[in-house]
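Down below are the structures I want you to see.
Presented sequentially are two complexes of chain A, the first with chain B as partner and the second with chain C.
Presenting the complex of A and B:
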């Protein structure tokens, strides 16, 4: 009887992950499997047929327009990741080390952008960067330009908008990593004669590399799949992968090409993320 | 680990399944309990923006009053986006009336069998709609509004244009001062497709030969200051006065001009192409009976008069008379006026729109 009773019980942790696993299976794995299958089907006159083909991939990988879209997407991802790490690290370092009584408030303020919708934040940049926006008015007023400049639509505008929108993610990730460093290690380094700068570069920075890598990977992966900011600041003529996928599926009603583009994006980003995470893990071990 | 701890950490499988099932039933059933629709509720999808308020005031509210029902207005999406929802849901997109479909989506909907067939039996007013326009579309839709692609210009900045060439080759008419003040549209918007067809016709081509259009698009590109997809996205550029030349739907153009923007609307000498807005019922609509009533109501003379005069668009039926003179002069209300407007080559547009869009992206990207 005791044996029967034991067989009928399932460890609670398995049951706990069963529900999210089922949700992921139904709402992530299954749709992606359908997406993958659609990418190998032919579309004729905007209708999906049952004819298998590799034409969608050939089309996307041979047209300079789409190679440019991929290149732009990954350049944006890398640029946003690099900018956010460069801006987020000093901020995270300050927030972790400050002894100010306002520390809690400062942390809340630095994460405040997350409280506003990304669309609202992006329209803020639209107001600043458009030809009749604040940036042009200021430059004209200061006499630095004599003709209005079209800051947007452009890849640069997308990078600025995304870097601003995603900065809190790197700050949070790097703060977590810095918080985990034992302060005694820094005291030990300095007691052995190391300067503050040397202590930072030889002790703190290497130990916080997993946080940097994590923040970079997180921001990079969000940036390459972002839709709203590129759509607003890039417009229809400065496409990235997400806006191109949207265009194929929602505007041209060509699901085959949209699915193929989505698959290429997923494969490329997973490969890059795997490489980055391996690199981050190696650095962490070293 | 003690027995007590084991009991705390492990759930009986049956108990777990029972609780999970109960939670699933509650969560899946919640929308039906809290958002329950009745036979007296109709969901109508149409465009948003300035269209939304006018449509609600002139069509939806009188319908609710007359039939004593509640209409939920889904004002999201363009025609292609609305059809994408119909397709993705296999005909059950959550709205009962797709009230703002354009011809390419209607033709696709008929091919894919996702729109209900509509006859005089369901919509008695169908027989009054423009016959020639009705014949160009499959019998799954009802024309309720006509527009055309006019040419909009900033009166404070440039002289009145006379030809589509003034838009496509602005430097020839206006010189380099127009640089950065011309707007161009993504062919995901039918307005762009029509403008490109006019460009092709200027060079001796047409919907079946678009090469002259691509040459003109390349030559126009240095003068383009804004590129957008939807007509609504163009509106802020008119309000700021930044765009001086633009093709634009006649209804929206009339609407914005009436609100005081310093723009004029022109019918270029080469002519304009009609845009047909029509309403359809997806096959999975929950309240088809009321959906047909709604479409029929859209074509009632009083509704057509109120709607068309509020939105500066032309009616979907040609038997109405006694329009105000100013309205008659600028809209399509008689057979003679209707015959003067070109109807779009829907077969060519349907077959080539994707390729045209890709070509446009390659040039403008």
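Presenting the complex of A and C:
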């Protein structure tokens, strides 16, 4: 290991990385490797056997029930990504451009929801959307409905809850990319006679596309693996990948199917994040 | 300076800007509304979580301070603090190696370090549960397993913030200290560490918050009596809800907020959330 060192000393960087790398290998790489291997093993009587099989994947990818789970998870991811880009873009643009005295506070407020757990943020929507909740009270009070409607459990409620929980991520990514645009380009466009609206659509928007794509993919990849929000605002009829994995592992004790579903989720996430990194997006620190 | 002129011109013709402002107001309402409603509901006098609240009372807050809720809260605080401590201690040498040395396998190490951020936390949770059952560490499921899992998923945050401050530290100061006769250790202790302190603190704060708010990993590794507050709330929600839960939610929201406000005052966090603002 010491390589070129004559005194057969271990290089300094090896000493530095030994312990953290060991921790990551044992408690991150190993568990994921175990999970990968479990997805190719047969489960019998709630125990993993040593029999290799592809049956788990075949089962998940052919049963209409699980295809529906995949489809729902995917649609939720797309919808949440689209909503968060649509809401996050104006906010990010505003925060980058405003000369308000309160700019710092406004940025802090837009990121503050990250300090609350997803459970807490989703609970707010539970209060609003449940059968005896605020939305029903308001609609009844206004006379727009005559009996209470069930807004939840539903896929729509999950989408709203997740869009709310993940909004700060698109704001952060889009702000990053808007800040990277040279203001001179806009001045140039306007001095050549373009209107502000035209400058925005022809100059600013195209230049911030990497931020939009990055934010979308980041939110999509978090949304498809989210557990708490679908568990609270959804139900047995609106299973998503994460709740199905939880069901397999913690309730049915079927490690093989749970692991196979988890591997499918990993593959989706990694593909997306690779795409995002090619687009130059970076993951927010918080 | 240019951007000042630009935005001045933007506002001079205020039609689109006013439109933008109203959209932004709506987005803030969407973003903060549910949280404010939760806070308001916790002061209800009745059993129903109605809004606007009927009457005003602290009765749900009194319930929220009962051992049923305080114990998981203290558990989460302990877990978050230890996670912050250990993930920062592990991240420090790792960030030093990654940002101060060029060596073979560095890219692999970067991938390994960022791995827990890339893979869904839920999957890491399942994997760790399988590891602990498989190796026969079943009795460690609960606090120990949670601590290990949280340290793993929080380490990347700390590596990144420490890395950012190492990156902005001019290498000359170390050379200067060395050329004035300081030993490597003295340079680290008296020059480098004070200069990267805010990065270390920011990393610890992010690790704490990430641990304190985690659900996806904790649902797999908790066990009765050793439950973080988020998992406790989630379990309670399945049976229905009461304003107690709103009060508990507000407490779990306020704790990280207070922590961030204090640290922001003392050493500054903003640069690490949003570091490249002025580099563009």
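The rule we apply is simple: the second predicted complex is superposed on the first by the 240 of 286 C-alpha atoms of A that agree within 3 Å, B and C clash if a C-alpha of one lies under 4 Å from a C-alpha of the other, contacts with A are read in each partner's own complex, and residues count from 1 in each chain.
We adopt the following convention: a contact is a pair of C-beta atoms (placed from the backbone, for glycine too) under 8 Å apart; a residue touches a chain by one contact, two chains touch by 3 or more.
Keep in mind that this is a model prediction, so the values were computed, not measured.
Q: Looking at A:19, would you say it contacts chain B, chain C, both, or neither? Reply first, second, both or neither.
A: both
Q: Given the touch rule stated above, what does A:249 touch, chain B (first), chain C (second), both, or neither?
A: After superposing on A, A:249 lies in contact with both chain B and chain C.
Q: In the superposed arrangement, which partner chain does A:154 touch: chain B (first), chain C (second), both, or neither?
A: neither
Q: Tell me which touches more residues of chain A here: chain C or chain B.
A: Between chain B and chain C, C touches the greater number of residues in chain A.
Q: Taking the superposition as given, does A:121 touch the first partner, chain B, the second, chain C, both, or neither?
A: After superposition on chain A, A:121 lies in contact with chain C alone.
Q: Where does A:11 make contact in the superposed view: on chain B (first), on chain C (second), on both, or on neither?
A: both
Q: Which partner chains sit in contact with A:237 here, chain B, chain C, both or neither? Use first/second/both/neither.
A: In the superposition, A:237 touches chain B alone.
Q: What is the contact status of A:131 with respect to chain B (first) and chain C (second): first, second, both, or neither?
A: Touch partner of A:131: chain B, not chain C.
Q: Where does A:53 make contact in the superposed view: on chain B (first), on chain C (second), on both, or on neither?
A: After superposition on chain A, A:53 lies in contact with neither partner.
Q: Could you give the residue numbers on chain A that contact chain B in one complex and chain C in the other?
A: Common to the two interfaces on chain A: residues 11-13, 15, 19, 132, 249-250.
Q: Could you please specify the touching residues of chain A with respect to chain B in the complex?
A: It is residues 8-13, 15, 19, 45-47, 63-65, 68-69, 131-132, 148, 150, 153, 235-239, 247, 249-254 of chain A that touch chain B.
Q: In their complex, what parts of chain B are in touch with chain A?
A: Residue list for chain B touching chain A: 9-14, 16, 20, 78, 80-81, 83-84, 87, 105, 108, 111-112, 180, 186, 188, 225, 227-229, 240, 242, 350-351, 353-354, 357-358, 361-362, 364-365.
Q: Can you tell me which positions in chain A touch chain C when the two form their complex?
A: Touching chain C from chain A are residues 11-13, 15-17, 19-21, 23-25, 27-32, 34-35, 38, 87-88, 90-91, 93-94, 97-99, 104, 107, 109-121, 123-128, 130, 132-134, 137, 164, 167-168, 172, 175-176, 179-181, 183-184, 186-187, 190, 196-197, 221, 224-228, 231-232, 242, 245-246, 249-250, 255, 258-259, 262, 265-266, 269-270, 273, 283-286.
Q: Touching chain A in the complex: which residues of chain C?
A: Counting only chain C, the residues touching chain A are 2-10, 13, 16, 20-21, 23-24, 27-28, 30-35, 37-38, 41, 48-51, 90-91, 93-94, 96-97, 100-101, 103, 109, 112-113, 115-124, 126-131, 134, 148-149, 151-152, 155, 157, 160-161, 206, 209-210, 212-216, 219-220, 229-230, 233-234, 237-238, 241, 245-246, 249, 252-253, 256-257, 260, 270, 272-277, 280.
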